[in-house]
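Labels run A, B, C and D following the written order; every chain starts at residue 1.
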Amino acid sequence: MATDHEASARTPALSLTGAVKAFGPVIALADGTIEILPGEIHALVGENGAGKSTLVKILAGLHHPDAGDFRVDGEPIAFRSVADSKAAGISVIYQEPTLFPDLTVAENIFIGRQPRGRSGLISRAEMRAGARELFSRLGVPIDPDRSAEGLSIADQQIIEIAKAISLDAKVLVMDEPTAALSGVEVDRLFAVARSLRDRGAGILFISHRFDEVFALCDRITVMRDGRYVATLETSSVTVDEIVREMVGRDIDQLFPKEPAQIGDPVLTVRGLSRAGVFADIDLDVRAGEIVALAGLVGAGRTEVARAVFGIDRYDTGTVELNGRAYTAGDPQAAIDAGVGFVPEDRRKQGLVMDLSVGRNATLTLRSALARFGIISSARERRAAEKWTKTLQVKTGSQEYAVSTLSGGNQQKVVLAKWLATEPRLLIIDEPTRGIDVGTKAEVHRLISSLAARGIAILMISSELPEVLGMADRVLVMHEGRIAAEIDRADATPEAVMHAATASMEGSK
Amino acid sequence: ATGCASGGSTGGSSGGGGGGDQTITFIPKQLNNPYTDVVLGGGKDGAKAAGFSKSQVVGPLDASASSQVSFINAETQAGTNVIVIAANDPDAVCSSLKEARDGGAKIVAFDSDTNPKCRDIFISQVVAKDVALIQTKLISEQIGGSGEIAILSATANATNQNEWIKYMEEDLKANYPNIKLVSTVYGDDDDTKSFQEAQGLLQAYPDLKGIISPTTVGIAATARYLSTSEYKGKVALTGLGLPNEMRPFVKDGTVTAFALWDPAQLGYVAAFAGKALADGDITGKKGDKFKAGDLGERTVGEGGTVIVGPPTTFTTDNIDDYDF
Amino acid sequence: MTTTVHPTGTDSPRPSSGRRSPLSAIAHLRELPVLLALVALILVTWLINPLFLAPQGVKDILLNATIVIILAAGQAIVIITRNVDLSVGSILGLVAFGTGSLFVAVPGIPIIVVILAGMLFGAVLGAINGLLVTLAKVPALVITLGTLYIFRGLNNAWAGGTQFFADDRPQEFGNLSVDTVLGFPLITLIAIVVVVIVAVFMSGTRSGRDLYAIGSDPDAARVFGVPVTRRVLFAFVTNGVLAGLAGVLYTSRFNSVGATTGTGLELDVVAAAVVGGVAIFGGSGSVIGAALGALLLTTITGALTAVRVDKFWQQAIVGLLILAAIVIDRIAAVRTARRLRVSESRDV
Amino acid sequence: MSENATKQATRTSETANVLADEPKGRTGASRVLLGRDAIMIYILLAFLVYASIALPRFASPVTVGFLLLDVIPVLLIAMPMTLVIITGEIDLSVASIAGLTSALMGVLWQAGLDMGTVLVISVLAGVVAGALNGFLVAVVGLPSLAVTIGTLALFRGLALVVIGDNAVANFPPALTGFFISKLGATGIPTVMIGVLVVMVFFGVLLHFTPFGRGLYALGYSKEAARFVGIHVNRSKFWLFVATGTVSALAGVYWTLRYSSARSDNASGLELTVIAAVLLGGVSVFGGKGSIPGVIAGVLLIGSINYALRLSRVSDVVLIIVTGSLLILSVITPSVISAIRRWNHDRRLRRHVPQAPASGSTSAVHQAH
């Protein structure tokens, strides 16, 4: 390893080697390998779906690895439960906050280990004080007595952080803690993290933002498609090297974008705003055009898409398809107008996991399949077969529960469902989130062929290569506003990243 | 139609057989009710004595109007010769009883009558009027002839209780001008409910002097409430009760006197009436006579009603002589 | 509990349904509406019929409430973990009859022993529910609906026509529900003590708070390492113990115990908890609230009788009360939710 | 909040699904023949055969008649209840609505209205009652369990308000006679024709219409359903109206069959109905269930009930049997899937080890 001499110097606070984790058909982690030394901040980077969070959940004792060697302070160890991991001095901030909405903020921080007064009963006062102290360290004004219900995603993150550092654990694992945080909050977090490191704690830090990684971390471990790639000294690498390690392939050949001639605007959005989520969104998508909506997680891209499709209402602004407005807040109206929406959360929003492949594929056609209000199962089956064949969904039978398919094939079923409605505009949120690399290319080929057929495509993606490879035009969102519009020609990673993080004046 | 046909054949055959293989089934208002158990005890003895080959008891666990019907149906189909029933609701059971009769079964109502056109004969514990009068008499004695009283009855549709209440109201008007009946409430022959109804009465009517409860569950529950409250001995209580249940309350002075007939005799006579009907000795019309075992001969009176016997009044002096 | 209503509790617009409002200040007021309603009710009734607050009147109010209060407290624990126990009526029935038989079988058995035996019996029945729910991972609604039938059936099979009456039991046992201390009947005092103990446990101990966490979001609780199975089982057992106690006290107060004792109590008890501000989807509400809810529901019946309101209206009014309770809760939740979306949002 | 706080949740639960459904689901014929409701039907048939052999009088038209007359109210209400539970909601107020209808019929008839008007008004009352439930659940967004516990008390209370302690019995004999009349020699009650219509209606609605497709989807996942344009709340509202209406019909039947209108008619029926529906294979989690299965469930309980009556076994046994069936019917599937999962994990453990082997290729990456 690049860092052997160092490693031998100090025994790692924690080390995982060759960990394997599979979820049914999906192999989430093929070779999870990480080594965290006491007193270092260690970055873990990789594309979406690289297996970072899965690795984290193994460290947390939430997932039990199917194979692999796991040591704490050099001692082999196997966690049976989250409690075990806590006991071993590992504290974790999950990518998705796990708070109890009914409990107060303070209680959320101390749940399971609330301070007890002389009476042996929980002392609310002490708990409050403790929470206050933590928040002042993080420099955020959150009322410890309010309930966690309705906290903004950012505040949820902060509370997770407070929870984690309050344990002052041997090893602190943070899975994309900064995803939803503003600059100031991030700086505070870094200050706290450094002081913890100086007190000898080992920290694992996951982020998609390289500026943060380079600013904070001593070493960087790169993962790709569920495998360990390399561990590098921050001081001795550049962003480009890291990116190459992450992507590990030449972008252009992976995203073969078919040329499509661009027609008239299909979607026209003007001054769209929703209090607290996004504001003044103007955007056009033309027939045959692929427009990418880029930005950091939490930038408001999904919310914009939801509003356009009618899942959420919007406060002001206009949305028109081929120059005709349709009822806001009613997905059916949007569908009838010719909009299709592939949501970002496949498991929760894209598919009814327990229904069969066939049923899912025809769910959008319900009324179209009915004659005199009665659905003919024959036509239903034929429709299902037609579209799943067109998209080459790999499944044993239309009858299988869609949950038994691999992520990629699930995504194809979602696409099939929408193609069946022959949409004019297709909104695709995170088209390849958590899809194995093989199928990724297929999905991309599919998308561009759709564009070639004259469908207007609005693609939301957190993966730069995807954005750069697919888009004719890139709209970058930052904190709920469109921060920049970049043409395919001059869409470079730097340009997009800077606009997204607003780290360059002029971008906002 | 077929229901009757098939049932008819079975009923016919066994009926033709005369004695020997006849069966009788008792359907009480509700199983697991102490008073009922005493009645049924008598019924069983009667059935044996009268020479039924088989006698059984079926019935609902709750005393709701419709719950008896499916039991009647099953008995109809089972080709039972005599069905003895205490109706929870005079009309709800009617149609099914009619089917049973079409099927050849004889219907004996006892304790609580059904709609007269749905049964062959009704065995009444006593002359309804007598039961009413004895209770008004007792209450008047206990409250010194004047003041407010209330009635705590069983279910609102219990034929027998309602008839007694009717007579009581008439009697009070006619003979006890100073006694005022302020309210009639229903405990549904449920211990808890009766208990709380009693409690409600005393709260709603501060000047209440006495309570009449013409049902064994009701009087026991009321007695329990009175004996555990400050009203003990202050508010009089009478009605119809089982000596065994009321003994403690008579002893502790909550209740001075109450009445009842011998429930066992009720079942006993019902069984013999059933036998006589099944053998075709009687049809249930006025004037028919049949022999009720050791209780001697009985005569069918107005509206196909047979009277078992006079009610007894229980007091501290005689209560220990009875065991039911 | 949700699980019975929503597949994973993750879909649907459920976040705020019956939820405690975000500001814990308001959360503390959660029981307030019930309390106010109760006070108002008692005052009005008393003005119309002074007898209502005469010693005997008070005694009756308390006695009526006692049994349901204990049951509601137990039910609250279970509901807070996002479950429900519909079998309490049947448990009470079994224990009550058991108590009756015990006194007859073992003459002169000390009362405290009987009470403990009753609670133990209840615990066993509760454990059966708990095990079925946690091990088979089946919604509590179905399981306890099943045991509601089974326990009741066993009760009928065991008791048959047999009934035990007040005088089958020692005088001093009956006196538990007759003698009063400072106007409080003994069994009511027992109930109060129990409720206070449970309330302190729920609000003041770690495992108590775990129950709230579980009800608030079972999966998050699992992720966080809360011993969900053990805690939920515990909730059912505790509820069983309380139902058992209620069964014993029932036997002390009422005249007869038999096959049908306690039939149909379950929905009243759940209703009491809901009126007391316990969210049917778990996670929030308090034992005290549930107890107050029970007191309110039982008092209203007594009050309506006392002021001679046509008794036929009583049940309808109770129904309205329940609906009012959940609607108020919902309105509060929605209002705060809306306020938050705007105030919390980043300035865009 | 919901989204993020629960993402974790879905993930973990999905894991469960992914694993539980391995090995892959069944196809076509076998799916139908081995499905949950098919099994329910086999059990029913098996029981009927057994009863006909064991009980001399069981196999006869008379049985058919009496048995059906007894189950009709449950059968009726179970139809819309199935749809409601499939969407993940529940309605506990059905029996009270039936009671309210019965009470209304009583007083209206007493008041001398003609039967036609009486029937119309009574059924309308059911529609309104259902709409109230629907409004509170779908529009206000309250949990249906709590709401219908409230309306359970409310509607029963109103029944008492309407008719009090009285019972009205003097309904036209012709009419009451019709309600227990049989179709010639078959022994099948004439009213079954009407019941059949209701069953077919809901069967088709659930299994062969766009609306029905939507119900399953939203039963499994309200969010995913919304994302394909299903009107979640509108659907729920109408389902509650349906239960209200059908409960009213059941109330009418009850009143005329027993020719007795009382406030306490059909009390406690709600639990019987729900027990039957769940026994029929409908999942309280929503999403799973079918009309044929439920019909089988209702008839199974009904036949066991009647068989026990015929053999003069006390209702006690019936209660215990019902309860046990209910519990068995829900724990059996989860026990099976638990075993499946366990096997699957074992298989997995066996075939993973080669994965790290290929993982060693990471050495190559480290090279550059």
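Here is the rule we go by: a contact is a pair of C-beta atoms (placed from the backbone, for glycine too) under 8 Å apart; a residue touches a chain by one contact, two chains touch by 3 or more.
These figures come from a predicted structure and were not determined experimentally.
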Inset, instruction - Please indicate which chain is farthest from chain A, where distance is taken between mean Cα coordinates of the chains. - result: B
Legend entry - Centre-to-centre distance between chain B and chain A (centres being mean Cα positions), rounded to whole Å: 76
Inset, instruction - Report the inter-chain centroid distance for chain B and chain D in whole angstrom, where each centroid is the mean of the CA atoms. - result: 40
Inset, instruction - Please work out the Cα centroid separation of chain A and chain C, and write it as a whole number of Å. - result: 43
Legend entry - CA centroid of chain B to CA centroid of chain C, Å: 38
Inset, instruction - Return the residues of chain D touching two or more other chains; collapse runs of consecutive numbers into ranges. - result: 1, 5, 8, 10, 164-165, 220-221, 223-224, 287, 314-316
Legend entry - Junction residues of chain B - those touching two or more other chains: 31, 61
Legend entry - Interface hub residues of chain C, defined as touching at least two other chains: 10-11, 15-16, 156, 217, 220, 223
Inset, instruction - Spell out all pairs of chains that touch, sorted by label. - result: A-C, A-D, B-C, B-D, C-D
Legend entry - Parts of chain B lying in touch with chain C, wherever the complex brings them together: 31-34, 36-37, 61-62, 185, 190-192, 195-196, 199-200, 202-204, 206, 220-221, 223-224, 228-231, 245, 247-248
Inset, instruction - Enumerate the contact residues on chain C facing chain A in the complex. - result: 10-11, 15-16, 19-25, 27, 200, 203-206, 209-210, 212-213, 215-217, 220-221, 223-227, 279, 283-284, 336-337, 340-342, 344-346, 348
Inset, instruction - Going by the contact rule at the top, pick out the chain B residues touching chain D in the complex. - result: 1-3, 6-7, 31, 56, 58, 60-61, 64-66, 69-71, 73-74, 76-79, 89-92, 94-96, 99, 115, 156-157, 186
Legend entry - Interface residues, chain D side, partner chain A - complex: 1, 3-5, 7-8, 10-11, 14-15, 17-19, 21-22, 24-28, 31, 204, 208-210, 213-214, 216-217, 220-221, 223-231, 287-288, 344, 348-349, 352-353, 355-356, 358-362, 365-366
Legend entry - For the chain A and chain C complex, residues of the former touching the latter: 61-62, 81-83, 85-86, 94, 98-104, 107, 111-114, 119, 121-122, 145-147, 149-152, 154-155, 182, 275-279, 300, 348, 479-481
